[in-house]
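Below are structures written as structure tokens.
Two complexes come next, and they have one chain in common, chain A, joined by chain B in the first and chain C in the second.
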Partner chain A sequence: MSINGGVAVKLVNLTKYYGKFLAVDHLNLEIYDREIFGFLGPNGAGKSTTLLMITTVLRPSEGTAYVYGVDIRKDPDRVRQMVGIAFQDPKLYWVHTPYEILYWHARVCGYSSSEARQVVKEVLTRFDMWEARRKRAFELSGGMRKRVEIAKVFIQRPRLAIFDEPTAQIDVSGKHMIWEMIKELRDEGSTIILATNELYEADVLSDRVGIIYKGRIAALGTPQELKDTIPGGDVLEIDLDRPPSDEVVRRIEAEPEIVEVRRMNQRIRMYLNRVEEVLPRILAMLMESGYRVKRVDMREPTLDDVFLHYTGVKLVKEE
Partner chain B sequence: MILRHLLLVVERDFRLLIEYRLFLIIRWLWFGIQIAIFGLAISQLVVLEGYINYYAAGIYVATLYSAAMFVAVDISEEAEHGVVDYLLSLPINRNILIIGRAIGGGLRSLAATAPPLVITLLYVGVRNPYTLISAVAGLALLSFGVAGLAITIVSLLKSGAKTDILLGALDAFVIRLSTVFYPREFMPEAYSAAAAVNPLTHASEVFRWALGLPYEGDPIFSMVMLLAFMVSMTSIGVYLYEKRMEGGGWTS
Partner chain C sequence: MNTKLHLIVERDVRNFFKYRWWMAGLISMNLADLFILAIVFSRMVTRLEYFKFVLPGIAILALFASAFTIGREVSAEIRRMLHHYLLSLPVKEWEIIIGRPLAGGIRGLIYAAPMLGLAIVLSPTPRPELLIYIPPVLFMLGMGISALAIFLATVVRNFDAYISIRGLMYFILMFSSTVFYPIDVLKNLPTPIYLLALYNPVSHGADLMREVLQQGVLDPMKIISLTIFSTVFLLVSSILYYRRIRE
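== the complex of A and B ==
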């Protein structure tokens, strides 16, 4: 399927200065064909700037990117044949209506006029925007404007679909609908880049996540890989029928995945990696030693823990 | 695909016409007022027979020029809504995008000034169908060229306020340094030299020739000048756009 060994997008030292300010700092990254790539980072990390360069809307200051092997600097026209983007801020001219905007967009993307009418109706209906199709852009609510913006990509169905914070401002049921539609698009063969600062969105939707901070990639991998890379990121608590002996604690500490063990009366709290592998062994050992397990509690690290680990700051402010 | 994209871009810009109903009516009234008051008043002063007709033809050309320049205002307003970024992200060749916008803006300006044009034609009277077609072609070349110039200016300035100021300044110069209001023989030498190369001069003279009014120079030469103006404006627009244009960075 892929013409380029499974790589859809390749960033090579991709850099953007705004004046003297370095917004995107020599990014090197490969995004694979037909994956949902989550681009996770806080405000001002450089997500949008990077995406705008990939779509050839912004010119890189240094470096370049290849979209299915085509250099964005050398052949931007061919790149744009393959790329569609839903911008972070909806780009709608105030006098136009959702129907006009999407119909024109469909025509530009190659639909005949009758096909365009049909696809626009389908997509507007799916986005719950058919009723509002004749309102002007300035009469739409923020979430409605965002829906129109995203609908463009679902009409275009490009080989590389880029969504810049697609569910910001969208209500909960809308969010789920959009996530479903993004997955469908991937399953149909598109590669997806999804910029977000929502942990949950990045976690449930992405095949791989790139954490971006201050214009650099801080970490890269599947959500699970990223969580597993944090030393002692998992927390396991076991309540026993009596306080554990020193011998038991020593044996737990001997497990290679264990980072730290704390004894609290009848409770043992362990900071460890890959809890799902370690837990059966520890339970077996405890039962062998004659303990009765009364309660097991474990917590996986979140992407926020990953973020904290790699950047030293938290993405989500503690309550 | 190229032609299809060109037509879509042209159509998109042309359709904006409908949004300007009120604005258009004001513009048409202004045209009428200019002729009624200034035209008549100045006729008393200028020693040129039938000056009111001469003036009407000129003021139409000036109206067309302002309408085509107004394309810049649209584009900068669109840009403030981020629409320029959207257009730049589309699978449309950038040259086609600019040429399409110049043609669309040009056609829209012609359509927007159609009533004053028709009134002028009816009131002054056109010589024959051949001159009519030539006049409309000449005016269209001016309109496309000015729209191309407007797009270039706004893309380079990337600011609504700066665009407004520059358009105001240009308006004052470009119209005065042309034969819109009076023939070159009445101008100081420096003015006259500038007027000789001003596309507004050539459009005015072609138009006057078609209307059977006193005109200067050779209508065919003027047509060539207008064609050269349009081609060079769109080429410069395309070239600068490629060099300088990118999304973002627009200020009000």
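== the complex of A and C ==
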């Protein structure tokens, strides 16, 4: 399945050793054109190393990757024409100002002097950094440095934009602004790879998510698909006006999406899949059987539950 | 040709001006030492206008100090992994590799220019047409010194060790040279120091300038020697720098 038909990035047995340590273990993956692909995993899972190989900064030990059909090993210069990255740790020269950093970046990315001045002003204003444009990088807060790093990609507007933990150190309003800008970039035609260990960020932004753990892809799919793969991942609780009969419990258990049903006095707790599809049917059956529904509570699994299911560890704990 | 080499060079040259006061401080310290020495030295070197003698040396000192600073930046970049940023840009690897020493040569030339100008004014050469050779020779020497600094930055992985070795190299190349004293005086020092001064490219740069300014003579052997020094270190440092950033 591809979202818009084409493959933007294809990893073929992509592998990286640091000495004897296997950081990325024969990754095979396709990232589709114009999608936001969330790369989810704890620190040290191999996310950044994979991204650095795609951007041609690191050479693979084995295997390769293709960016819009161009082999990163054979033609890295062409690959870099199409790729832009915002690094996890801002790569800023400490005595430079945000304006100088972005102006030079714009020039390297092919803007003329006048265009560069224009685009830098636009982007710095958008990032609420225009007032701080003359401060040197070492005078900026961590969040401001991060904004400058991300701003580089929005100046470049590459065909493949890579963000490595873009909203770490950014305040809540800044996060929402950056998420909106990432979506805009995708809507303008860029493919986005978003490496993160923030579950909510991966969930709300990504068209598809790849869970990486110990250098390997543990699970792959849309956030909803991944959540639905957990047997009984959804939890549904219904409080009734009286304890449910055995017959009612049997009828609920007969629903194909139900994994387990627990009776707790007047409450029924169900572990199931696709709660949004099953709930109307159960409510209809209960009311048909003469029960009055006093309260309904439902909870979908989070990506952390997905992570736990596929890796056996909780992502939040590992942070 | 769609090259971005000029942007790599421009960036390094602009960087240099971020540190201009640090550089001025460094050279001032050298000059303070020099003036103390000069008081002693003026009694040893009679019939020599020491100021005219030393001005070309100071120009070379400025060239050396400014061209050499690029090593500190390369070392810091590698330590902080800032080279990942350069490697991710839509520029070719060779542009990054070659751009650094090229910028070093330009830095050296810029910083040496005022001293060179003063030396030309105070020592009007009998053959002004030879002055045209001085900027390219100084540029080449500056590139060679930058390449040497990049070489050190790539082979010495510990930053503290790098700082120490850089200081030692600075001391050896500046003071075991004819920047401050003529080679005849250095003959009185231990043989290794004399030999180092004799073959030191910094000596050749300073002597070449003096000969042009004061005698109207251009020694092709010194140009060949500087060319060999710069070419060897450009080649070696380019290979090592490439390997280091591509690890």
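Keep this in mind: the second predicted complex is superposed on the first by the 312 of 319 C-alpha atoms of A that agree within 3 Å, B and C clash if a C-alpha of one lies under 4 Å from a C-alpha of the other, contacts with A are read in each partner's own complex, and residues count from 1 in each chain.
Rule of thumb we're sticking to: a residue touches a chain if its C-beta (ideal position, glycine included) is under 8 Å from a C-beta of that chain, and two chains touch if they have at least 3 such contacts.
None of these values were measured; they are calculated from a predicted model.
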Joint occupancy of chain A by chain B and chain C, clash or fit: clash
Chain B versus chain C as contact partner of A:Arg80, first or second or both or neither: both
First, second, both or neither for A:Tyr200, with chain B first and chain C second: neither
Touching partner for A:Thr55 - first (chain B), second (chain C), both, neither: both
Where chain A meets both chain C and chain B, residue numbers: 52, 55-57, 59, 76-77, 80-81, 83-85, 87, 89, 91, 93, 95, 104-105, 107-110
Chain C-touching residues of chain A, taken from the complex the two chains share: 52, 55-57, 59, 76-77, 80-81, 83-85, 87, 89, 91, 93, 95-96, 100, 104-105, 107-110
Of chain A, residues touching chain B in the complex: 52, 55-59, 76-77, 80-81, 83-85, 87, 89-95, 104-105, 107-110, 137
Residue ranges of chain B in contact with chain A within the complex: 1, 4-5, 8, 12, 16, 19, 78, 81-83, 85-86, 88-94, 246-248
Sites on chain C touched by chain A in the complex: 4, 7, 11, 14-15, 18-19, 81-82, 84-85, 87-93, 246
